[in-house]
Every structure is written in C-alpha cells, then in structure tokens.
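The block underneath contains the structure these notes are about, expressed in structure tokens.
A, B, C and D are the chain letters, set down in written order, and residue numbers restart from 1 in every chain.
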Amino acid sequence: MAAVKNKTMALKEAVATFVNDGDTVYYGGFQIMVPMAITHELIRQKKRGLKILNASTDAGGLDLLVGAGCVAEMHLAWAMNWYVKAPYAIRRAFQAGRVKRHDLSNFGATSALLAGYLGIPFIPVRGNIGSDMIKHNPRDLKVMEDPFSGEPIPVVRAWRADVAVIHAQRADWLGNVVAWGTRGVTDELGCMAAKRGVIVTAEEIVDPEAVRSDPDRTVVPYFKTLAVVHCPWGAHPSACRGYYGVDIRFCQYQGKYERSEHLLPIFLEQWVYGCEDHEAYIRKYIEKFGKEGLERLRPVLGFKPKMDVDYGYHDPAVWKGVPQYTDENIKA
Amino acid sequence: MFRNYKLHELMVVRCAKEIRDGEVVFAGVGLPLITVSFAMATHAPNMILLTEGGSIRATAPPGLAITVDDPALFCNGDAASGMLSTMAALQRGEVDVAFIGGAQIDRYGNVNSTGVGNWDEADTFTYFAGSGGANDMAASAKRVLAMMPQDPKKFVERVDYVTTPGPGKVNGFQTGKGWIPGGPTMVVSTMGVYKFDDNTREIYLAEYFPGLPVERIRANCSFDLKISPDLKQTPIPSEEELTTLRSIDPTGFYLD
Amino acid sequence: MAAVKNKTMALKEAVATFVNDGDTVYYGGFQIMVPMAITHELIRQKKRGLKILNASTDAGGLDLLVGAGCVAEMHLAWAMNWYVKAPYAIRRAFQAGRVKRHDLSNFGATSALLAGYLGIPFIPVRGNIGSDMIKHNPRDLKVMEDPFSGEPIPVVRAWRADVAVIHAQRADWLGNVVAWGTRGVTDELGCMAAKRGVIVTAEEIVDPEAVRSDPDRTVVPYFKTLAVVHCPWGAHPSACRGYYGVDIRFCQYQGKYERSEHLLPIFLEQWVYGCEDHEAYIRKYIEKFGKEGLERLRPVLGFKPKMDVDYGYHDPAVWKGVPQYTDENIKA
Amino acid sequence: MFRNYKLHELMVVRCAKEIRDGEVVFAGVGLPLITVSFAMATHAPNMILLTEGGSIRATAPPGLAITVDDPALFCNGDAASGMLSTMAALQRGEVDVAFIGGAQIDRYGNVNSTGVGNWDEADTFTYFAGSGGANDMAASAKRVLAMMPQDPKKFVERVDYVTTPGPGKVNGFQTGKGWIPGGPTMVVSTMGVYKFDDNTREIYLAEYFPGLPVERIRANCSFDLKISPDLKQTPIPSEEELTTLRSIDPTGFYLD
C-alpha cells in the first residue's frame, strides 16, 4: 500500500510550488483571518500578474500585495485597511492603471464564489441591479430575464480560482482544514471552487484522528488541499478566532506606510523582504514593539462547546437472524 | 443641554428608535452594532440580530465587536454559518431593518461607497473600499437606515458612482417595480434626519439635530434641500438612555 | 421587557396551528431522519392537498402520507421504502391520478431548495439535461442559454415551502435546531427557504445556553422556527443519528401494508389513527414487538468530538491608552 | 470454479478494478459502498470516498452503511457538510468514478430508474423511486459504472423513461458537445460487462461472466446485442480477494 501523503511543508516551498505568475487566486479571510503570512511570501517571491478573487478583505493585506506589484486584477466587493480608513496602495494602483478592479456587492461576490463551488456557470443575485457596478463590471455581472417569471434579474458569473490561499485555525497533516465560529465566512466556497487546490497556513497542525472525531467542522476536505503550513500568528495583524485579536496599532502603523508611495517600499523592505519568513517577522515585531504587543492580542477564552455530541454508529449485523415482523393481516 | 451628550450618542439613540421589538435587524460594525445592542438593552429585547460575518443572535454579544466577523459576534451566538446564511435571509426578504454607510448621497437617495471622480478616467478616481454589503442591504431589507457624515461634498446633486441605488429610477431600472428594491428609507447624518417623498422619491429634511439651525444644514448640502412642513427637532437622549448606551462601550471605542 | 418566547408545544397543537390544507411543505430528512411522528400527525389531522418538496426520502414516510390521501403534488427526486424496494402507495396514487409528480434529479432538487434558501428565483444545475424530466416537469426545469458563454444549461425554479417539517437530534426551547454528522443533508436549505417557518420534533430539548456554547452546530436559527416538539423516537422506523438505527424489520412490516390498497388502511387504523400520539405509537410497538425491538436499534456510541475548541473573544478595551506605534519614517 | 463465490462478489471485485488508486469515487449504498471499501482495502488505499449524504473520507467507514446518510459514513469521516458539498464536487467535475443503478437500460446506454409504462397515460405507468442522484452522477462524473440486473425486460431497445441519458443524442441534446455529459461508460450486469463504442455510441458486451454462454446473455437482452471481437471472460475472484471482501460484510448483509 502506498503511504498516505503528508502535505505539510514550508511556506516558501508551498508558494514556490503551487502559485504561478498570472494565476487567479482566491484570497481568504474577511475582516479577520487574512492570510498575511502567505501575502508576505507572495511578495517575497515577486509573484506577478495575479488575479485576485474575494468578497471583502481588511487589514491591508491585499493593499500590500497590490502595492508590491503582485496584482494585475481584482474581482471583489470591498478592500480596506479599516484602521486607516482607506486602501491607499490599491487607490494609487488603480489611478496609475496598474490594476483593474471588477466590483460587485458583497453577496454578489459571495454568490460568484458559491457558483464556483457548485460547478455551475452563473447564479442569480438580488443586489447590484440599478447600480454602476453593472455598467463597469460586465465581465462578472449581467441582467437577464428570469425564464420562469419573465422579470429582470442580475446574474453573476461563477468565480473559480486556480489556487486558494487561506489562514485557518487548524489543519491536519493530510490537509483537512478545520474552522469554528462561522465556518470560514466565504473560505469554504473559495477553496472548494479552486481548480488546483488550496494552500493553508494554520495556527496548529493536528493528527487526522482529531479532525475525524468531529468531521462537521471540516471546511476544506483534504483532497482539495495542496499544502499545509504550520504558521502561528499567520494572520497577524488581522485576527485569528480563538488565538488572537486584531492588532489595531500595527494595522495603523502599517497603514501609515501604505498611505505613501514613498514609504511603502520601506515597510516592504523592513517587514517583508527583510524577514526571511513569518517567524522572522514575528521576531522583528517583538524586538520593535515588545512581547507585550503580542500579549495584548490574547483572547478571552472559556467560550467552549458544552453539548454532549456523539456521532453514533449502528451495526447492521444486529439484524442477522432476526425474523421478519408479521401479524395476522400480512401473513400471506 | 448641548454639552451632556456626544454627536454619535445622539445618532445612535435616534437610530435605535427605528427598530421595533421582535424585528430582524442586519447590522454592520461600528455605530450600527452599538445601536442594536442599545435597542436590545432598552425597548427591543426580542430583536433578532444578523451580521455579515454570519452571526445570528437573540442576545447582545458579550462585548464590543470591531469587525463583522468578530469572535465577539459568535461567542454565545445562536447560529454561525457564514455569510451565506445571513445574506440569504436578507435576499429572502426576512430582514426588517438594515444599516448602511456611505461617502456620498444625492437628492434621489443614491449612495456612493465606491469612490469619487470619473471612473472612466482612472487617474481622476479616488477609490474607497467598494460596495461591501451596502448594495445588498439596500436591495433586500424592508427598511434601510443610512448613517453618514454630512458636508457639501457628501450631500450632492448626483453621486459620482451609484453603489447603492436610491428609491428612484436609476440606470434604467425603476425601483419598486416587481421585486426591484428601493434603496435607503431614512438617512441619519451628522446634522439631521432625512426621509424620502413617496411621490417625487426625493430626500427631505425631517428632523434637525438640537442646536443646529436649518440654514447651517442647508449650507452643508449642495443641492436645494427640501424641508418637511412638519420639521421637528431630534429628541435629546435622556440621562437613562445615555447611561445604558455608555455601559455598552465603556471605553468610548466607538462613541468618543 | 417582553418575555422571550418559549416555542415548545405538543405536536398535535403544532400541526393544527401551523399546517393548513393546500400548504406547500418541505418534508425533511433523507434516508434517515424522516419526520415520521409529524407524518403520522398530519395523517391523524386529515390534512389535505399538501404539496411536498424534498430531495430524496426513504422509509415509507411519504408513502404513508400519500396513501392516507394528504398529498396532491410532489416535487422531488426519489421516494422509497427501500426495505420493500418500492413506494407502493405513491405508485397507486400516481396511476389513479390522485397525485402529481414533478421529478428532478437529486441535486436538481437540492439546488431548487438552495435557490429558495438564497432568495433567488432559479439556479443552474449540471444534471437533468437530455433527460425526460425536462419533458415532464416544465414547472421546475428549463434549459436556457448561459448569458456569459452562450452554452445551453438547465435551470431549476427555486422551491420555497410554506412550512417545513423536520426531525432533529436536538433543539432548544427558543427554537434553535442542532444537527451533527452531516448538518442535516438538505434540511438546512428546506427549512430556511420555508416562508412561514419550521416545525421540528427533536429527540432532546436543551437550554439555549447549551446551543450557544457551539453556534456552528445550529442548522436552523430560532427566528425561522414555529414550534419545537419534544419527541423521542420521532423518526422511527427511520434512524436518528446518535440515537437509533433504521428499524429494518419494521420498515419491511410497514412496507407489506403499503404494498396493498386493502391493507394500508388497516396499518393506518392500527398505528396512526389508533394511536393518540407518538408516545402511544411507541407503546404499541413495545407491546407488539417487545422492548428488545427498540434495544436492537441502539447505536454504538463513542464517536465523540475530541478537538479542544474555544470561540475566544477579544476585548477592544485593551487598546484604551495604548499609544500609536511609530518610528523614524512615519513620525510626521 | 463456479461454486466458491457468489454473483455479487464477482460483480463487486470486477467493479473495484475500475477504481485507480488516488481517485475520487462517488458511491451509493449497497454494492457500490462494498466495492469502494474493497478497493480501499486492496489496490486503492488512497482512494477518496464521497457519498450523497455528504461524507468525504480517506478511510473506509468503521462498518457497513445501509443508507447514503448513514451514521457509519460520518463516524471518523474527514468531512461532513451535507449533500451540497459532495454533489458540488461532482458538478465541478472532480469525481473520477461514480456508480449508478437502474431498472432499464437501452442500446444507447440511456438508463431508466423512474418507472415503466407510458408516463403520459398515468394508469399504465409503474413508478419506481425516481432519479435520485443517478442523473447527476452520469452528468458529471468522468467515468460512470452502472450496476444492474439483466433480463430481457431490463435490457431493452428504448427505455420507457430517460432518467439518465446515455452517451448518444437524446431529446435533442448531443452528449459530448461543450460541457454536455456522456452517461454511463461501463455497465456491470448480473451476466457480464458492457462498454460503449466510441463511434456508434452503442453498448456492446466486453466480458461474459464465468460459465455463462454468450447465447444466454443475448437471450437476456431484447435488442440485437453487439459483441466485442476481444470478448473476454471476467476473471474469477481469487481466494485472497474473497477473504478480504467477506471481512467487509461478515454477516452477508449485501453479499448474500
């Protein structure tokens, strides 16, 4: 029997192996769980011409990626570093014509990811009708006639990435990805729709036996996963549910660099190119802002499941030798 | 009477009054989330809270949330199945009240949260974040409250980009026909409260904030603002209301 | 403050209050978790003209409902009592013109429920093209042109019931419904799409605090729920995950009655009309087939979640008084 | 040589050989589920198992499952997110092999699992269960194995109801054009193994079961059955294969 494949690897190797220039990339997370360690590694490896798909993204991760010149197009609803109130690098790149934006509403984008997940070519949505998004994003949005009612209805094109990049709470070495506290928002959709598969950084790597004790929590099953990377603090400065909160001060600090065309390269030099990997980035953080900076991010724990759950199995062998139930009516 | 409350407190208390007990309310981060926690703590204990990150709650979160997928929203939540589940409730028409923000609004209630300038000449266009869920909320919620800062560049004749269509005819689609939705139903700015004329579908000033002369409100609006014949002053929050409200955000994270 | 509403009630009251003649009903479960106690109560109350929506259904529950004359139309992919290899009463009702069948593939039906869940009017599917289902079910199925690619693609009309009826492992008295071990297959979709709401029978009723300790497991949130009924063995003779397996011998016994137009009324008289409620039905079962009949259905337990999960909350009050992070580059 | 194995055992072992290690396999209840457990236990330890109830597994279930949403399929499963998740994988084209059953098949591989008779004259139509997932499997899996009983009423010139279109032109749709799928790729009946001619898209006998003369197989088919020039006998299961297989269903729940 062939050995079951262990998919754990270093982030450097995962990104080098599974992300190509020009790829369409599902970019995971929402306002938290932003795949920041992967973002830095994409920048370090000077990936170019990426086409990004996602619903909404915060904490400036995508702003860094665009500012570093990795992105050619973005299909999405919302991109921000909320803590400085704008996506500065994206704004500059759009003005300079370096990046194309294809805007949808948040549920328009989520529906496009859902259609990709379902393997269907498009899906109707209720939003977007009458907006300028229909004018400016004909690639993703059309208004058609509902063949059942004859009424006009917007439809969005299915989004399917080549590769998905996400940060998760846990994964096993086989590649099963576990999320709790809202099942990953849109990550389940974006990942399953990805054609080649998923690169996941996780706070903890566990044995498949742990995941299999509660398969309802799996949001990405192993057969979609390309690489599992053990990466504590992999979403920093965004939050990771149950592990750390948003580092608001660092988002603001990073945001001040994002704000200026001249300063951003200094940030990238110091915090991305100048750090060999995410561990080095966290070491630099501690050197510069102290361990108390990270300590401040620790969550209040104690919100633990309290229901007694058992998946229970029934063995059909019990039926062996049990006679048919019958009575006077059905004897024949 | 002008010194004992803050502008945000006035806005939040005013907005909260639009929520009726037992209603389904879709709230984003920031002032809307404070607003619903305040409503739950006062006149709407049976309100049902939905958020974009997928939270469904019968009770206020155990503390302040600073993102729409904040762990706070899921700790002791009633359900948590991602954006699909709450946005689907919105699309099914089950949301009574939703909140949106925006950077520009025009006389016909079109809201812009995408950017200012001419989109087709990219170098003139200053991108904000994008629609996010604003367009979805306005498309499907029964009542849509917009909370916005007001100045002449924000209250304009025609928004630079229609992110969220208002209650009139936009881009060839007439709202209110068939299922086609109707945009914001009320606007709470930093200066007053606005509603829409059922016939002309034009925005008008319904309430002014205490101490703000109508002339100053008009001056912060770059179109010819209609004023309600029944113009009222927005009620000043009571001491009791302020005490409750401040207990929800004790460090003034949002309210300061 | 108004008291929070307790939605627990007797099944008799729930069905009398919330199901009307002529209603469109989402019928829960799949091969297991069939809402059998609700089925019996619908029959007892002589509900008429129901239009049933579901993907696939087994164990003869729907066959009894049709055989008792409650159903006018069925939109579905598959109906069976697998243990006698046919849906006999449905077959007879179709032949006699008493029931209309609108057939889709299983994922066609699931997609129709998903479209109802999403609040959109229709949704594309990959299956059904070329089949006779397109000829015979134009109400639910059309082939249209994908507006993005121009290729033909089947679309199914959204299904939205007036009311959904399901059996669940647990619910709280507020109405939150909990499932584990595959998240209810299609119940989450059929229930959320229901316009008036959901009647749920559950093996156990728990406090909301238990459910809230693990909100990821909620498949129907309380605001969609009309009535919560405590009903142990409520899916019998089908299975309830973690509580009991399929009662194959009883399915076969019931199936022998389903098989004959003349025998079915005797079964209904003895096991449905003749039992005041589901408790009486279970008492009758024990009288007739012994307690060992039920004991045989007990699952093998010990398949319990073993991951240490904490939803974790971060208090933004920690930021009070923390100065901005800065350095020589961004001093200005 | 005809006495030491059962017909179902022969069918299961033959079907299992169609599964290659590492493939994604969609299996329904009964013989298919035994087939995949056998493949996992022998030559395909890295097979990925999906079921209609939503199970995704790297390992065989801890025991026999008797429904497609059987608890057995989720105990120690790798993922369990309902029918959406596995059927979506199917629609995305990620399933290598799927199994279907059926009550009738015709010379062009159309399969009927809906009912026999004339649908438009209801009183003549005997309903079976309906499509279930059969149509979906055949529409989207790369290879589709049909396991069916064979007699002249089941192997017919034209099925009474096309539940699952075969690899030819049906109801105006030509399979294999664009994304339009192609129906069953192999049939294992109770008498032999069938494949389809790439040009004529017609079914032909590729293997006969041990001890069954081709004439008897022809007699159990009501159209003029084509026979492969390379007709082979289906291999008899080895002792080792039978031992492994019987350990999966020790009480003979399916195999007897």
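Just so it is clear, contacts are C-beta pairs under 8 Å (C-beta built on N, C-alpha and C of every residue); 3 or more make two chains touch, one makes a residue touch a chain.
Given the structure is predicted, the values throughout are model-derived calculations rather than measurements.
K.L.:
Can you tell me which chain lies farthest from chain C, using the average of the Cα atoms as each chain's centre?
P.N.:
Following the centroid criterion, the farthest chain would be B.
K.L.:
Per the centroid of Cα atoms for each chain, what is the distance between chain A and chain B, given in Å?
P.N.:
28
K.L.:
For chain B and chain C, let me know how many angstrom lie between their CA-based centres, rounded off.
P.N.:
Spacing between the chain centres: roughly 37 Å.
K.L.:
So how far apart, in whole Å, are chain A and chain C when each is placed at the average of its C-alpha atoms?
P.N.:
Averaging C-alpha atoms per chain gives centres 31 Å apart.
K.L.:
Which positions in chain B touch two or more other chains at once?
P.N.:
55, 66, 70-71, 74-76, 80-81, 84, 90-91, 140
K.L.:
Please list all residues of chain A that touch 2 or more other chains.
P.N.:
114, 118-120, 125-126, 151, 181-183, 188, 209, 211, 213, 215-216, 239, 241-242, 245-246, 248, 299, 303, 311-316, 319
K.L.:
Taking touching chains as linked, do they make an open path (line), a single closed cycle (ring), a hub with spokes (star), an all-linked set (complete), or other?
P.N.:
other
K.L.:
Could you list each pair of chains that touch one another?
P.N.:
A-B, A-C, A-D, B-C, C-D
K.L.:
For the complex, give me every residue of chain B touching chain C.
P.N.:
Interface residues on the chain B side: 21-22, 24, 45-46, 48, 55-56, 58-59, 62-64, 66, 70-72, 74-81, 84-85, 88-94, 140, 250-251, 253.
K.L.:
Where on chain C does chain A make contact in their complex?
P.N.:
That would be residues 111, 114-115, 118-126, 142, 144, 146-149, 151, 153, 155, 157, 170, 178, 180-183, 206, 209-211, 213-217, 239, 241-246, 248-250, 252-253, 256-257, 263, 266, 288-289, 293, 296-316, 318-319, 322, 324-327, 329-330 of chain C.
K.L.:
Contact residues on chain A for chain D in the complex?
P.N.:
Counting only chain A, the residues touching chain D are 1-2, 4-5, 117-120, 174, 176, 188, 192-193, 208-209, 211-213, 215-216, 218-223, 311-317, 319-320.
K.L.:
Contact residues on chain D for chain C in the complex?
P.N.:
Against chain C, the touching part of chain D is residues 29, 52-55, 66-71, 73-76, 80-84, 87, 90-91, 114-115, 119, 122-136, 138-140, 161-165, 170-173, 175, 178-181.
K.L.:
Sort out for me which residues of chain A touch chain B in the complex.
P.N.:
30-33, 55-56, 58, 76-80, 82, 86-87, 90-91, 94-97, 101, 103-108, 110, 114, 125-136, 151-152, 181-186, 188-189, 239, 241-242, 245-246, 248, 299, 303
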